[in-house]
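Input: a single structure, listed below in structure tokens.
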Amino acid sequence: MSGKGVGRSHSSTTSGGSVSRRQLLASGAAVGGTAALGGCLGSREDGLTVGFALPFTGTYALLGESIVDGFELYLDQRDGEVNGEEVELVRRDTEADTNKGVDVTRELLIKERADAIVGPVSSAVAMAMIQPIETESSAIWFNANAGDYRITAEGCPEYHFRTSFNDWQTSAPLARFVYEEIADNVCLAYADYAFGQNSKEFFKEAFEELGGEVVDEVGAPLGTDDFSPYLGDIQDSGAEAVYSFFAGGDAVNYVNAFSSFGLDEEMTQTGSGFLLANDTLPAQGASALGMYSLLHYTTTHDSDRNRTFVENYEQLHGGSPNVYACQGYDSAQAFVDAVEETGGTDPDEMVDSLVEMEFDSPRGQFRFNPDTHEPIHNMYVREVVESDDGESVENEVIDTLEEVEGPAWGCSN
Amino acid sequence: MIESVLRATLLGLQLGMTLALIAAGLTLIFGMLDVINFAHGALYMLGAYFGTVVAGQLGSFWLALVLAPLMVGLVGAAIEIFSLRPLYDRNPLYHILLTFGVAIMIQGAIIEIWGAQSMQIPVPDLLSGSVSVGPVNYPVYWLFVLAVSTLLIAVVWLAIERSDLGILMRASAHDTEMVSALGIDVSKVFTGVFVFGAVLAGVAGVLLGGSRSVHPGMGFGIIIETFIVVVIGGLGSFRGAVYAALLIGLVTAYGALIAPTLTDLFLFAMMAIVLMAKPSGLFGATEAA
Amino acid sequence: MNETVTATASDVSETDPILRTEGVTKKFGTLTAIDDVSIEIPADEITSIIGPNGAGKTTLFNLFTGKHEPTGGRIEFRGESIGGLAPHEIVDRGVVRSFQITNFFGELTALENVRIATQAHYSGFGPGDFARHHASLEEPIADAYEILERVHLEDAARTTAANLSYGQRRHLEIGIALAARPELLLMDEPTAGMSPEETHEVVDLVRAIADDVTLVLIEHDTDIVMELSDQIAVLNEGELLSWGAPAEIQADERVQRAYLGGGGRE
Amino acid sequence: MKSVVELFGRSQSSQTGDQLLSSRGRLAVLVAVGALALFAPIADAYEPFWLNMLVRMMIFALLALSLDFVFGYAGLLSFGHAAMFGAGGYAAAMLISEVTANALVVLPAAMVVGAVVAGIIGWFSVRARGIYFAMLTLAFAQLFYVMAFTDLPATILGVESFTGGDNGLYGIQRYALFGVDFTPTLVYFYLTLAAVALSFVALLRLSNSPFGRVLQGIRENEERVQFLGYDVRRYKVLGFALSGAFAGLAGGLYVPFQSVSHPGLLHWMISGELVVMLLLGGLGTLWGPMLGAALVVFLEEQLAGFASWEIVLGGIFVVVVIFAPRGLAGAIISVRDDPTNVATNAKRAIRNYIDKVRR
């Protein structure tokens, strides 16, 4: 606590150099070291503060809510306290808008004096958050969904810890499964924006390395309503399988159109997990049957840890947890463990603790790469099947890829 | 290749006719009420949401197709009577701000009631699956959407061309004073036109809600596209809007085949060029003559 | 009506024409508003254009002032073609019009209404025109006062235009036009809608202006036309029907027919 | 601030009584600027986040001011002001990351870029009037938006990235000038305050200049101005470009402050919100729209916590349009002129509303 207090008192006078401020923080922590010093700077200093910079309105609202729900579940299991201190949760809506994202991040850091930032959902917002978080260097950033690898690749931000996934992990590892189990030739279909392009490139690279052939690439603008022209191109490619990256409303429109046009009878649909996720499957329904995807968490994943998690989640919130809830839950685990281990919230000490941390997640064993702060976790290949009651559809895990890590993006300590 | 073109043509026609349903209201409302209705996209969105509710609660897509647009019409009536009517003697600018505010409110209400998650109107079994149209497979539902919207546009076209009401509507688009001099209650005509536009947008909402994801961003998403249609067709011209909607629908569909990223650019460039070269719209003059 | 009257300077006046048209034509779509009109406006005199409503008088004004571009034919001002020039370019050359419906800046004072016009002769796009305060423009303001005196509005200089009486507004309208420093002033019904008293005042004003400006009037009041005009042009259905001194026009049967017989278009 | 006093002082001594801002109003502006300047260190000590919000309020106030100059004052309803805002922002982002962080270089450059973009849009658009002009500016601004979003310039120039596509350009540093680092928000606050205050003075000055008077004449009666010998089109394009310069300046202030420039800055929703700010604040008063902008930024900030903030915000727009068409400025003026009549006025407005609905 004290470290933060000292750091802040200098923040208006030190000029920009985050290094010097970080040193001050470190020295402050070394001198103070206890919670006592921090208390004099206002009531917010009592207890811990976690700020959620997430979309709570708009298309991604469900994702934001799920992350908070997951986070709350873990805290609830700890009776809302860590080290005897209460944890205050502050929600701020990014509206999935870049500028709003910067604003709320600053608000959480400066006004709410958050010890940790959890969020955001979209990568464009995450890119914009790098600067404010690194400049203030007063909080740990648990990136609970934004998957663009460049958040890490561009400067390896020190306080950034990805408790979610990166776009390499949800695309490239699927290549081997597709190549070995489905087809040696694919057509790539993707939402034509940064994240879609990245996913497509990563998959392509991996697939070609294995000897597979990419027959055609079809990009559709973000927010496409009618996919039929693109489906025509996909069909004309003559490939035996399709690898796709679409998410949210695009995923619903794409998958439904894919089946409506009868393409599911000609080729096998595969994709990153967001193509066939808990938030899209209800609207996709039977159209999604038999499609394969890759993700780091699946509600129906068969393990004791996950069953407990699902049960607890359903008890607390009603409804079953999705991947975002798991990411929120793991953010809470990482945060709580780091606070307990360092006995405070000094960000630099927490960083040291986090890089060595390993914990048991509903998705399996979880740890951070010490250089990139990227997650090292299992990835699951799933197939969409009818649920037991026959009323709806759900993902079934058919293969587990263990301890998936990914490139180091030029980060090293 | 032929298959792609055929598919794109079918899609273009379907896009065009559904866009025409939305644009018809926007352009008539502008022509007669002199109101740029920014809330028109929100009315379309309401149609889709009401559609999911009716289809979900009563289990009938067909009821949804009838009831949801009428519900949208009611909302339209409320908007016209309680917010637009007091403002007709004001600068049209204020209508923009007002309808902008209404659009934001509707979007907020939708999130409040239904949440932000994507939904979809369940399509009846009769309309699911695909059939072959010449060399291509095409979803039955999409053909249904094309047929229904074309039929509706044809009916509206005839009504506007032939019926007394249509003549009255066209007359008051040109000269409201003349109409009121004929002893007709202009404010009732205005309400009628607004509601009519809202119902058409609602129909489009239900129809597209069966093939597209239904989400709170769809209102503001469609409004600019509709503006492009209305501008290219000639502000206030129903015929122009229909032709322009078909044009835009086909351009969008073919554009997706050729250069998806440039399609939007091309549409806005088209809008700008028409406004500079022929502000009355590509198809506006025929009606005026 | 295939017969077209072509007037030449020698027919009506000894002075050189300040404005002349040659076969000027204006079509709106299929409608011909001005049909092959050739006319010469002599300098330093008062010319009136009369004709039934819809005869094309205002369209002719609009062609002279650059609001419309002629479909065919030629318009010359002081021997230089002005057809198709932008309105401000035509004003720069000295052709100015006043409006029938009072057409000014309602929220500004009478003085400022005139000053916007006088200012055009002093300012353009120089640095001072962006940085100075408009109230520090001494010469335009002095000019504006002078003009207000000419149109008998000196006492109303600080009154907001919208608050002027009807008669005063018409005076202001003329003042604004004068402020643009016309050599040729085209006046669109300067006495429309006025009481006899007000009309009388305006007639005097028009006479006074005519001392140093060539005037062309559109006027409905036949008495005023006869009283003021040195010559009269009669338009009917876009064609020049007749052209001559007031007495000749009065005697012209075709004019009487057009006016009395064809006047039912109103 | 000395120059501010001087500039105000001179125009105050002039003879005509139709100033855009009365002497009392000018005093109010001075007091507001002074109060902000004094308040900042207090805010910084007590709640630094307020500064953050104040900076954004001021930047949007500047943007609203720039639009009011052409819209409220010259009658050109631009529905594409986001294009100039974004263009200035992107220019600043590129210059800072590639060339220099010197505010005296980058900010004027952002103004020039804003003016050029506005000049281009204006040159093509001013021939159209009213709603057609608005639609044209909307179309052009969306063209710029799509270009930024798809990074078309990079494709054309054959480089890897120019606008950075949908993610935009991020990690933009704040300004430096004469050894002063503007990174701390308090320092950036003063930079913004100075830029906004100077812009206000400049635009007020422009509005009252001979040029500005002609623009006002164009708004009231375009045809008449034309027939007085003014090249109306040139005046409009120039007015639009000048406005664009200040919109560009706003962008140049905003992007380094936020550390990111992205296509959203150019989107029509920003232009739309801007028009809302103007109407909310009171058209054509220059200061009203600034208040309107500050209010909208504040409301969005405060309402953000509520799930139904959109309903509240939209409701406020609707109520203002119906009951207070002259916006905040109109309300302030009417209260100042006659404080006792507030209740009567409100009653009259409501009765009026009911009458009209019943009609």
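Labels A, B, C and D are assigned to the chains in the order they are written; within every chain, residues are numbered from 1.
In this section, a residue touches a chain if its C-beta (ideal position, glycine included) is under 8 Å from a C-beta of that chain, and two chains touch if they have at least 3 such contacts.
This is a predicted model, so every value here is computed, not measured.
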Most central chain, judged by mean C-alpha position against the global CA mean: D
Pair joined by more contacting C-beta pairs (C-D or B-D): B-D
Chain whose average C-alpha position is farthest from chain D's own: C
Centre distance in Å when chain C and chain D are each reduced to the mean of their C-alpha atoms: 42
Centre-to-centre distance between chain C and chain A (centres being mean Cα positions), rounded to whole Å: 75
CA centroid of chain B to CA centroid of chain D, Å: 33
Gap in Å, rounded to a whole number, between the CA centres of chain C and chain B: 49
Junction residues of chain B, two or more chains touched: 111, 261, 264
Chain A: positions in contact with at least two other chains: 57
Residue numbers of chain D (touch at least two other chains): 307, 309-310
Touching chain combinations (by label order): A-B, A-D, B-D, C-D
Residue ranges of chain C in contact with chain D within the complex: 65, 67, 86-88, 91-92, 96-97, 99, 103-109, 112, 115-117, 119-120, 122-123, 125, 128-137, 158, 176, 179-180
Residues of chain D defined as touching chain B within the complex: 77, 124-125, 127-128, 131-132, 135-136, 138-140, 142-143, 146-147, 150, 152, 268-269, 272, 275-276, 279-280, 307-318, 320-322, 325, 352-353, 356-357, 359
Partner chain A, residues of chain D touching it in the complex: 44, 47-49, 52, 56, 165-168, 170-174, 181, 183-186, 258-260, 262, 264-265, 301, 304-305, 307, 309-310
Residues of chain A that touch chain D when the two form their complex: 11-16, 56-57, 91-93, 97-100, 102-104, 106-107, 110-111, 123-124, 127-128, 130-132, 135, 148, 150, 154-155, 193-194, 222
Chain B to chain A touching residues, read off their complex: 1, 3-4, 7-8, 10-11, 14-15, 111, 115-120, 128-130, 136-139, 141-142, 208, 211-213, 215-217, 221, 253-254, 256-257, 260-261, 263-264
